[in-house]
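Here is the structure we will look at, set down as structure tokens.
Letters A, B, C, D, E, F and G mark the chains as written, and numbering starts fresh at 1 in each.
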Amino acid sequence: MTGFELPVALFLLANLAASLWRVLRGPGDANRLLAALLFGSTGVGILALLAFSQTPAATPLLDVALTLALLAAITAIAFAQRAWQRGTDPKRADD
Amino acid sequence: MKRFAVSAAALGFAFWLISALLNLPATLIDLRPLLAEAIPKSGVAHPVTAVLLNTRGYDTLLEIAVLLVALIGVLIAVPPGNPALSERPATADDAMVPALARLVAPLAVFFAIYVLWAGAHRPGGAFQAAAILAAALVLLHLAGLTAAWSAPTLRLRIGLIAGFLIFLAIAAAPLLGGMLLQYPPALVGTLILVIESGLTISLALVLAGLFLLLADRGGVR
Amino acid sequence: MIEIASSLLLFLGAFFYFAGTVGLLRFPDLFTRLHALAKVDNLGLGCVLGGLALQADNLAVALKLLLIWPLALVASAAISYVIARRADALGIVPWRENEK
Amino acid sequence: MTTGLLFALTGVVLFAAGAAALLLVDHLLRRVLAFNIMGSGACLVLVGLAQRNGVPDPVPQAMVLTGIVVAVAATGLALALIRRLHAQTGATTLPRDGADND
Amino acid sequence: MIEHLTHLALPLLILLPLTSAALAFALGPGRGASLVIASSALQLLLALLLAATIGSAGPSHHAAGGWGAPLGIDLVADGLAAAMLLLTQGVALALFVFARGYFHQDSQDADHWAPAGRYFWPLASFLVAGMNALYLSEDIFNLYVTLELVGLAAVGLVASGGGATQTAAALRYLFAAILGSGAYLLGVALLYGSYGSVSIAALTPAIAASAPAVTTVALVAALLMVTGLLIKSALFPFHFWLPPAHGGSPAPVSALLSALVVKASIYLVLRLWLGPLQPLLAPFAWLPAILGASAILWGSWQAIRAERLKLLVAYSTVAQLGYLFIALPLAAASTTGVAPVAIVTLQAVAHGLAKAAMFAAAGIILHATGRDRVSDVAGIAERLPLTLFTFALAGVSLMGLPPSGGFLAKWLLIDLALAQGQWWLVAVIIAGGLLAAVYIFRVLRQAFLNLPEAEIEAEHQKARVVPRSAEWAAFALAASSILLGIFGGVPLLQLVGGSV
Amino acid sequence: MTFNELLPLLVLCSSLLPGLAIFILPERQHRLRTGLNLFGAVAKIVLVSMLLVGVQAGESYGFRHAVAPGLELVFKADALGLLFITLSTVLWLFTTLYAIGYLEDAPHRSRFFGFFSLCVTATIGIAMAGNLFTFFVFYELLTLATFPLVAHRGTPDAKQGATVYLAYTLAGGAALLTGIVWLESLTHHTGFTHGGFVAGLLPGNESTLVAIFVLLIAGVGVKAAIVPLHGWLPKAMVAPAPVSALLHAVAVVKAGAFGVVRIVYEVFGIDTAQALGLLTPLAAIAAFTIIWGSVFALFQDKLKKRLAYSTISQVSYIVLGTALFGPIGTIGGLVHLVHQGVMKSTLFFAAGNYAETLGIHKVSEMNGVGRRMPATTIAFSLAALGMMGAPLTAGAISKAWLGDGASAAGMGWAVWVLTASSLLNAAYFLPILWRAWFRPPPSSWPEEHIARRGLLETHGLLLAPPLLTAALALVFGLLPEDVASPLTWARMIAEREYGLVTP
Amino acid sequence: MTSALAFDLLLAALLLLSAWQAMRTPHLGRALLAFVVFGLLMALAWARLDAPDIALAEAAVGAGLSGVLLFDAWRAIRNKPDSGKNAGDEA
């Protein structure tokens, strides 16, 4: 533990908040999906940082991070396949 | 009008409760020391698992029943012998998703086994492992590598309930001389592992079933 | 010593993440944003995980940390690919500087 | 303020918002989201309040795991029924007159 | 031997239906009837045994896992629980026999892809398991799990009707159930946060002795739990989900839901209200009573107006449930020395038996006519005399006419209300009985006296006939609701009255 | 269980069990059904005779069964109950015979006779009820059992009549229920007791007791058709003739009147009722009803409707007798309970015969019917004369005792009421007799269903019951002091049970 | 303010924001994504609450299963069903 883990995690969370704006604003589903992608990897990072933000390190949280890394792809793929279709493409006016 | 009333009620409720919670004194009863005492007898080192499968194992038994009920509910919503599936998934002929699935799925299985095994002494356990396995199954389906399920076959049905039946049997066996779910001290660790293993497989099938029974049909008929 | 290296790596990671977020917010179209994201946040994750791995007190934990990274890389690559393909299939045209 | 209490309070708000949304929104998928959020709020209260002194308490944690399983079960069932209703009627909301006589 | 069996009765009442449910599911769609019926018969024996033991030796305990509260979960059966268990096993057994005949008929249409009986057996068995677990649980979080088990199984059963209206009804029910159990869960969370335990035995003294700051939170918790349960109990004005769900389902399902499932959450309201939450909720007792009174009047009125037969019966349930709440402010014992909760239990049992019989009879009628309007039952008494007799007997109990169980309960309720000077309750009870007579005689008049129109008559000729076993099962239920008034009152009231 | 406990149950079961069996019988099994009916009726007579003998010898019969703590079904066979039981039992036999003939080849006979038997069971239950709870149970059962009978024909009129009947009786039941439970919550005791059991609540609860009395009397008054609660009765006359006989003479209105007697004498006690000032209003209402019914009867052309209004009037004689403070009036009321039953069933049997044989429904169609159907018309005439209170008839005895009772109680006005009523009775009955005997018959009857066969002017089973009941009425009138006469029995009740000293 | 508290506060705010979006934003796809984000944030919250078991379950369910189920259902109900498919109705 260096004492920086939590501040860095906070910073990443702030990043995440910023990209949440992208999720909300779009335009279009594709960009939202991108943001979700970022969420995945940022989430993994934050979890890893949280794991080491205490002494001794809470290594179980690494398992959580690993799960997230394994499974984040699934949501994204499902979104691309199922949700993102013609008619919801980014050219359409964002409702 | 309704919108306003409900919103106001929700807001008022939240304020009332929050202001009350800010003044809440500490509890008189604390289960933590009790639990700490019980851990050595519980057969597992990890307290959450001890609660889930030992001290409050009865909750878990019923919770599995809830999942099975939900699965049966899904089966009811899907007519048997659903005719030809609609469009294939958009990426079925993509090379990338199957490749990813081929890589991730085995890793997920491996990781699930680890999570299951870890459950005895650190966070993890049957449900988490099952969820990971189920996710892997879903991924395989999204990649076009496994088909969706139509009506479950006998083998599948047995798979779905096997874990539950094992749990039931182990829960009932102590009744011969004691209480429901009162594992014999000598076997407690083993029995919990057996239960968790069975549950992992069945729960994975159930969770995957929630998706795979409905998936890929472009809508239920 | 290790602590300093670790901290540096963490900060570097944070920077990459920040860059990725800026890219997501500021780049003009889907494909360029995708590019920024896939590159930058994986680097960020790599740095963070690497920095933490330095702190690990046993090999298993370090290995686990280092396992997460390639996994995230693979997943991110696959998803980026899927998104790009899908965007193409749906007729989204890449942005060019001379337009607009 | 401890992490536990903070998240417990967050949970209260989430619950209230989820419950209100469950009553107010019409689209069925949205209602599924609403009840999941409501449930998450209740779970946060359960664990957060129990850990408001900062010490982890495994008992509510185990309960929340059970609660999550139940929520997944309810979500799966709800989604299946929603899809079925849509297939049968094309509707994505419940008919308004359901409570009325005939 | 008997002693040991009694000790086992508590867990077995939960394990048996769980096992038979799982096995019935494994056997496959539409299978498992015999298994579930056999298990149900065994459960009835166990419940009888349990009631006998409790009657003589007091409440029975079972510590699941051997830990004991507050760490573990205790199962406790007192007289009230035993009575509800007995009702559940009895009604379920009769309804299962009924359902076997009923669904057997259905399955003759081979190409009918959504026969309601496909997953009836596992779901119904899970449902019974859930209710038994609910009656026996002494742990408020465990109760949440049982509530969900009961709720989801009931939703599945409603959906099993297969049609769009049933699906919509199931969804409406699901959302109501989830809203209810969500509120309950938050209440549990707050109670655990306030007192550090979810065991009723530990909570009761803690709440009674709690400080003011705790009390506010605990009060919110109590209100949340009770409100959640009231939503699930379909107490007016939370009844919106009940008529479509109960009125649109296949007959055995409607009967199970109306006779048993709503009782489960009402049981919990009573148990919690009169138990640990008593110190918190005592000032609010008049609220459910007023709602109950409104339910009686409103439900009866809707039943009178209903055009569809099963909807009529469903609204009758809305009305009859009101009776179970109006006794809450009448906490003191009556002049006859019978505890109010015992009277409410008697009413619940009488209604359970009668309503199960009535829904079963309605189902047989609909089955035989293929139509569902009250006006379509004209002259059906000619073809289904036994079923109409069943309907009439059940109606006698619902109207509260002698010598039925419903009458006895009504008598004791009026006595209770009078003894405490609550004249408005007396008026409501009396009015409820008269209104019930209006809607029940509406059906009977039509069935016995009017002649079917020619076109319907032609349909009658070719319509399917339900097996005799189904008719007799329904009759047995109706007859029990009558006999309850003559022979059941004393043992039941003593069983329940002695325990609470 | 001793025999003395068993016997009342057996009396109940002698009609209950055949009734239930008849429900299950297929429609075409008429022989078996008739057999069951007659077996039940005869068995009941035998059993009731055993009761009579026993009670006269001082035996007491009773049975108790607790349905809830503090709530018991109590059956007892006391002298008052037996009076009513005997009446019902005998008339049930006659009515059954009549109904068998009347409904020959009609549809739904299983249903009819099933409910018929239940109806009698309920009546017997009311008669044997040992407390208000039991009374109420059978009182409601009677409502349920008679509703299908009134509606039996299924015509719109019948259905409407039945619905009105149900509305009145269920509402009355509700009032009765409230009154009973209220009373019980005050006294914790509902057993019928000679002299009543509410006196202990006085002083202090006067207004409550008055309210309870009003509720109770309103409850039973519906069935007794006391104005203004009588509205159902003229409508219910659409029922088949045996049912009318049952409603008007045996079961329903009698149950109401019997209830009034029980309430006044054995719940409140005649002294308490008098002390509360309840008797005079009751008498006034009864008197009003007597006149009201008679006046309305005058204007009815439909024979059965005229009889129905006559019933309203006549039943209130019983109520009036009860409300008269003193033994003589009581005896008059009690004896009229029997006399009116016998006479009114004769009248309805005869009316049924006219309708069934010749299609005569209206008074204006009765010209010369005495020549075509002399036996029926003789029975009719005897009963009608009795109703008017002509000398040497049963009716004269009732009226004489009632009149004496009124004078003795200091209610001289009641005598005038009785006189006026008698005149009115004559005014609506005599024209009928005049037409029947002295007007020439028309060339053809409205609808002749049954042809004359030798001596039999109509179906034998239709003819015998009115002749038998008319004969009974005659005997009661001619031999009032006989040991087995209703008058003797009524005096015994008054003396033995109420301690009233008769002259 | 410590960074722990800041982190918690920001996380709580984000939880509320994403929940609000999931329930209130007019576009359903956006709502579903907001819900997936909500799930991820819940996992972080559980991690902060020293409940790695729940975090693990939430990550697996929220990231793996719920999203897939919801997206799949969304696609299924987005289009009108073809009319011929209602044959089995027995409403």
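By definition in this document, a residue touches a chain if its C-beta (ideal position, glycine included) is under 8 Å from a C-beta of that chain, and two chains touch if they have at least 3 such contacts.
Owing to the predicted nature of the structure, the values given are computational and were not obtained by experimental measurement.
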Could you run down the chains that neighbour chain A and chain D together? B, G
Given the touch definition stated above, what is the smallest step count connecting chain C to chain D? 2
Report the chain whose mean Cα position is at the greatest distance from that of chain D. F
What is the chain whose Cα centroid lies farthest from the Cα centroid of chain G? F
Chain nearest the overall C-alpha centroid of the shown protein atoms: E
Gap in Å, rounded to a whole number, between the CA centres of chain G and chain F: 76
Measuring centre to centre with CA averages, how many angstrom lie between chain B and chain D? 17
Based only on mean CA positions, could you tell me how far chain A sits from chain G in angstrom? 13
Rounded Å distance between chain A and chain B, as computed from the means of their C-alpha atoms: 24
Can you list the chain C residues in contact with two or more other chains? 71, 75, 78, 82, 86
Identify all positions of chain B at which a residue touches two or more other chains, and write them in rising order. 13, 17, 21, 24, 31, 35, 48, 56, 59, 63, 66, 69-70, 73, 76-77, 79, 90-91, 97, 100, 104, 107, 115, 123-125, 127-128, 132, 135, 138, 142, 207, 210-211, 214, 219-221
Listing for chain F: what residues touch at least two other chains? none
Residue set of chain D touching chain G in the complex reads 1, 3-4, 6-7, 9-10, 13-14, 17-18, 21, 25, 27-30, 32-34, 36-37, 40, 43-44, 47-48, 51, 56, 61-62, 64-65, 68, 72, 75-76, 79, 82-83, 86-90, 92
Chain G contacts chain A in the complex at 3-4, 6-7, 10-11, 13-14, 17-18, 21, 25-27, 29-30, 32-34, 36-37, 40, 43-44, 47-48, 50, 52-53, 55-56, 59-60, 63-64, 67-68, 71-72, 74-75, 78
Which residues of chain B touch chain G once you look at their complex with the stated criterion? 48-49, 79, 115, 123-125, 127-128, 131-132, 134-135, 138, 142, 207, 210-211, 214-215, 217-221
Chain D partner contacts - residues on chain G that touch it in the complex: 4-5, 8-9, 12, 15-16, 19-20, 22-24, 28, 31-32, 35, 38, 42, 45-46, 48-51, 53-54, 57-58, 61, 65-66, 69-70, 73-74, 76-77, 80-81, 85-86, 89, 91
Mind listing the chain B positions that touch chain D in their complex? 2-3, 6-7, 9-11, 13-14, 17-18, 21-22, 24, 26, 31-32, 35, 47-48, 50-52, 56, 59-60, 63, 66-67, 69-71, 73-74, 76-78, 125, 127, 207, 210-211, 213-214, 219-221
